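As structure tokens, here come the structures.
One chain, chain A, appears in both complexes that follow, with chain B as partner in the first and chain C in the second.
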Partner chain A sequence: MTRIMLGSAVLRGTVVGILTTSLMSTSALGAPPVDLSKWSPEYVRSIAGTQDFDTAGDCAKVTPLDYKGRLTFWYQGVFEGDPDLLRQYYKDFFETFRKTYPNIQLEEQALTYNDLLDKFRTALLGNAAPMAVRLQILGGTEFASKGYLQPLKPEDVGYSTEDFWPGAMKAVTWDGVTYGVPTNNETMAFIWNADIFKRAGLDPDKAPATWDDVVKYSKQIHDKLGIAGYGLVARKNAGNTPYRFMPQLWAYGGGVFDEATANPTYKEVELDSPQSKAALQASYDMYVRDKSVPVSALTNQQADNQPLFVAGQLGMMVSHPSDYNVMLDLQAKATGTDKEKAQTVIDNMRYGLIPTGPDGKRAVVFGGSNIHILKPEYVEGGKVDEPAAKAMICMWASPEWSLKMAYAGSNPGNLNGFKTKWMKERLEHIKFLDVTTSMLPYGIPFPALPESPEIMNIIVPDMLQNALTGAMTVDQAADDAAKKVKDLMGGL
Partner chain B sequence: MSTIAEATARGQTRRRMRIDGWRWAGRIFLLFMLLYTAVPMIWMLITSIKSGFAATQFPPQWWPDEPTLASYQKLLDPQNSVGQDFLRFFWNSLFVSTVTTILSVIVAVPAAYAFSRFTFPGRNFLFFAVLLRNMFPAVIFLVPLFILMRAIGLVNTHGSLILTYLTFGLPLAIWLLKGFYDNIPVQLEQAARIDGATRFQAFIMIVMPLSTPGIIATAIYSFIGAWNEYIYAYTFLSKNEQLTLPVGIQRFFSENTTDFPGLMAASFMMSVPVVVLFLVLQRYFVRALTEGAVKH
Partner chain C sequence: MTIVTGKTEARRKLQPVRSGALRNIWAHRADYAYVLPAIAVMLVVIAYPIYYTIELSFYKTPPGLQLRDKTFIGFDNYTTILTSEVFWKVTWNTLIWTFGSTFISFVLGFATALALHRDFVGRGVLRAILIIPWVISAVAASYIWKWIYHSDFGIIGAVLVGLGLTDRPPNFIDNVSTVLPSLIVVNIWREFPFAMIMMMAGLQTVPEQLLRAAKVDGANAWQRFWHVTFPHLRNVSVVTILLLAVANFNSFIIPWIMTAGGPSNASHIWITHIYELAFGRQRWGVASAYSVLLFLILMALGYFYVRALSGNERKEGSA
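Let's turn to the complex of A and B:
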């Protein structure tokens, strides 16, 4: 898909305006450093590399560089399977922080994506939490509403609220108070294997236009080639599931609440609406009727789809641009004939916009992470070194590091990151980045509610599992999930 | 006469065939069990010598086209961060498991002996009470124990794990050893006492040597339990430098990808101490389990 096509697709999208408004709407919209209304691959390219930033100088205004202190910090880390490039940036960041603030004793701990929330909850119960934590976008309101977090807004760490995506700021706001600073925000894209498409009789360079097409393509691939068509995931308590199912749900016009509208109120539960049921039916059709998705989908997450894709056993999936970098790493480390086979997979990898629903609605989860500061009473030792925490947050959320730390798989939380020279370099080196940045205006944040982790990680996957295993019909599963959400919101 | 002899011979043949049939069925069953237990280990080993790309190929490469020891080199190289972490996790696991094992034996041996030899008020109640904890899933004690460890300042220390593993491992260790002591004739100790030994001397010089297989079995049991434990280590420790291997090897899983060869190499190396320990000491382990079950 060319950049021109992508750009026009962005402009053409009938619902984009509404969704963009949703992402942009804040109570006091100032002047963001970039013009979000012009968002397109061309615009992103035009602003990349246009401004320099002095990270240490900016953060020195928040916490003096000779400040002496101690900071305990947990974050969702990068590990062995992640792109080498990204792991190097994480390493560089902590080295740079230690050099910039040589008198701050930093005790950082990386945790895996699926474990962070549970481990953090347990630590809070024992008042043994770290002073600062970087959580996935879903987590902030849960802990803010329970009183664990200190109020913290971008202005406290030297930035302006308008420097960040308005949708991301919503995710760190509870009851009118801001409790965190976004570090990175991303939207995923649709990935397919052109060779599989070709062999299955599909246009190898054209992504399915609608989710109904995904169902059809998946069946066609499975019927003709005997492999899985679409990489459906339905694992419980794994963030990957809502990130892949909610875009489908929203595209069909459904939702958990009205989170896909410009000004959501989160009052009415819509999981049992005909539109939500249609989305669930599409998953049912792929898994039960057509058997065209991996049989292990019920316990799969993206980490399970990727090997299938690499092995040529999966035609389509929803994921980050980092998948491309992972493939490059695998190819670089392969030897002999494996190297050539890996190159073939890379050559056949295609990225496109996530399909629309029957009415042309396109949606994707507006994901990301935020940093928060804990209240002293929940922290090991009973003390929080606020200047040290703010120094760390200032640095991570800076235009430079919010971009570098999101180099391969996400986007800078700080919009100024798009203006840096590293963004320009990134656009040249990270193939398909255009596609995922093009999806940003279609991004819908998860409901900014304390119950969101329970809804997205437990109730929604449960609904999928109930329908796909035949424990319930599609209607029953959707009704059951809607009732569970109502009960949860009602405090039951 | 010859008819009787032929009939007898036919009967014996049929019996032998029946016996042979059962024997062959047993052999096939054992072969199946061997495959069932050995194939995953072999597959783990084979995957660990593949490249990341080769590990994900389908149909799988039963033997890698391009075998590589890169994952092992990475894990054992103290110069890179992966190797540094892995070796540290390995040492932490070894330390926690060894201390747990030593303390477990030190506590279980006298406790089991007391239950076996002495009569005291509440003996039966106490004996069954030690098993009470094992009647509940370990996970329900997770948060209460975490809060307890926090209160006594043991969170983020290996002491929290050693204490927890002792709590979980001791009941079975005491039961195992008590069965063993029950089978050592009390007359042996009485003879030693007549010869002038104190009760403690009789215990050390007569009972302990005879119960060596039981003690070794208890030690193996404690070591394996501590070596493999995940959920408490995961909950109680949050500092990278303190993590044990079962938690540490999680680093091969990411949000969207898994480093399968690295994971398999780490898992294989993690299984080595346990396998070696078991192979070296298995005759004691089997003897302890069987002797404790039979009353002489």
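Let's turn to the complex of A and C:
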């Protein structure tokens, strides 16, 4: 009897063990998708570390591990504003790829956000593009609409479309066809220095609730302490500018088009609407009227705000969760009393949700990157090694690597990345991650139009600069920008 | 008396009679053969791009389409450029940038060359120090100057505030009125050593005995400079000015890195504007038309440069 019970227990144990192992080590393709309707920091915590994935095994189903080939690959890599931690993950990824696919000759090239589009466009003109490219979320539709990219959907590299954010999939879709796979997606958060808030007579534990409050707080900080309140960024041809201004524009109810609505049509230009002008007015008030933001905002990027923040010379800014790690890196490089000052700033660093507009609307740019495969005729040598390209995409977009490559600065494009053990580890190590993941449902993708890069990198910053330098009034600057968008959409 | 042999006579009969230019070319056929490879390379890397740019300038290239989908529009791109407000603003900026940088760099370089031409202790060290801005990478210099000028935490601002001369750091590059002069200062800092070196080389050619003779004749320092030194430097001055002007018309790195043409286009010069039109906004046709106009201007400057050089050669030949 005892023997029978023992045997049955062993059998049950074995079955449970096998079941658990099989559940824990699921193929990414078979994993149940993350339930976005339940999205909250608690939900994210509850699913973190619940599943193991076998990246090499999954990718072997797409491209055999002994496949022999050659891949040219350009990607938007780390830049000066990224923490060292991220650099290490990038290094690890390429080392792992080479070990996993030892017979694929990989020729990769990293380019910064601001250089990649220009270089890629130039290469395409000379049919000298790489076989695969990882572009910023803004770039996919431009190249898809012009016919440079091959159709490519998550299913082609072993995943399911449901494994990715719907907003991210929109950004890789043109005319109903999918042309890429998202690698990472993120939303920024609002960061402030509690010590500065306290000294300026503000509640150190509360972020400004609205953008109007940001204007007020910025002035108060500047007037009381003589330092910059809010880290405005208005440089042209820099991705940082739209990432910080668009949330403000949308929160006030404005937009370039109707991109902030559930089903955008991109038919009407709304940059000259009263709501858009109110958003521009808020920036004008901070820069011109109150002089409460860095004067250098017109030539600065976020990377220039970071040293100001760690030096205790800036009260508030909009940025990634990675900025906490950037501050740690900057502090480590500081010497003498600067080191102590930086530590005080880090101890007083707080993250909160991006402020709302006057009507309670909260918005943030749904950022990220996607990988695409080029058509052979635009590639140097006229050939694309598809299996090699798919191997790269499978690995980068895997739950494991899409999380690791976004460890400090973003979030995994593959939602299953949230279930990995590295996500659990990340939640413990990356401070304020909850806040930025909480912002994800408020994310609004840039208009999925080929003209978006010009609108976001040139027309919107131009509008800001025209208003902030006094070259135009707020009304004129908004009207001028709206006209430029209309001309652009009209093919001029 | 000329002795004509049978061989010479036969060769003369065999050779066709050629007119002056052709005869000249034939006589130098070996020289042409030597430069042929260089010409072939130039045809590929210079002549074809020039031809293609000119061709493209007559096409409309909508940013939403591939370049191969361009449509012929004749001179419309040129009309668009010449009637656009931005063109005149950018042209005005370019003229200020080019003439400001060229003139001041030359004067400063010339003055420094004159000062360094005298013999004094530490002259060699000083000369080496003054050349540093010219040998520093323009990219590195631009980033350094960006921080020197920084409108909130720049070194200049900190010094002025520290000395109590101003309450707030001056706004150098975030202001539409001051940005271009501020960039010109950086450009002058970088290129005056070039003018200095050229003029120092020129000063070596001024005959010492002429200066001594002028001194014996009672000429004062200014008269010796104006009537003896300067006429000898006229040609090297023209060449230096033309080289500086061409370089400044084409200057890209400093304005692009420091301000990217901003704020509000206040520091856009032709070359940065062309770059933005082409690579940022993909208006390849309009950008090509701009480039053709710039090319014509540079060709005119090049013509004067070659003329100045050949003037030098003629003078040296006749001396």
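What we mean here is this: the second predicted complex is superposed on the first by the 449 of 492 C-alpha atoms of A that agree within 3 Å, B and C clash if a C-alpha of one lies under 4 Å from a C-alpha of the other, contacts with A are read in each partner's own complex, and residues count from 1 in each chain.
Following the convention adopted for this analysis, contacts are C-beta pairs under 8 Å (C-beta built on N, C-alpha and C of every residue); 3 or more make two chains touch, one makes a residue touch a chain.
Just so it is clear, the model here is predicted, and its values are computed rather than measured.
In this overlay on chain A, chain B clashes with chain C. Once the two complexes are laid over each other on the shared chain, residue contacts for A:His320 go to chain B alone; chain C is not touched.
Judged by the touch definition given at the top, the superposed model places A:Ser40 against neither chain B nor chain C.
By the touch criterion defined above, A:Ser398 lies against neither chain B nor chain C after alignment on the C-alpha atoms of chain A. Touch counts on chain A: comparing chain C and chain B, the chain ahead is B.
Of the two partner chains placed by the overlay, neither chain B nor chain C lies in contact with A:Ser410.
In the superposition on chain A, A:Thr122 makes contact with both chain B and chain C. In the superposition on chain A, A:Val295 makes contact with chain C only, while chain B stays out of contact range.
When the shared chain is aligned, chain B comes close enough to touch A:Glu380, but chain C does not.
Judged by the touch definition given at the top, the superposed model places A:Glu454 against chain C, while chain B stays out of reach.
In the superposition on chain A, no contact is made by A:Thr141 with either chain B or chain C. Of 1-9, 127-135 or 199-207, the segment of chain B running into chain C after the two structures are fitted on chain A is 127-135. Common to the chain B and chain C interfaces on chain A are residues 122, 125, 308, 313.
Only residues 62-67, 146, 150-153, 168-169, 171, 173-176, 258-266, 276, 279-282, 284 of chain C touch chain A when the two sit together in their complex. Taken in their complex, chain A has these residues touching chain B: 74, 76, 78-82, 91, 107, 109-110, 112-115, 119, 122-123, 125-128, 130, 239-240, 302-304, 306-308, 310-313, 319-320, 322-323, 326, 329-331, 333-339, 341-342, 380, 409.
Looking at the complex, you find that chain B touches chain A at residues 51-58, 65-66, 68, 70, 81-82, 142-143, 146-147, 149-150, 155-156, 234-235, 238-240, 250-260, 262.
Interface residues of chain A facing chain C in the complex, by the touch rule stated above, are 118, 121-122, 125, 145-148, 228, 234-238, 294-299, 308, 313, 450-451, 454, 457-458, 461-462, 465-466, 468-472, 488, 491.
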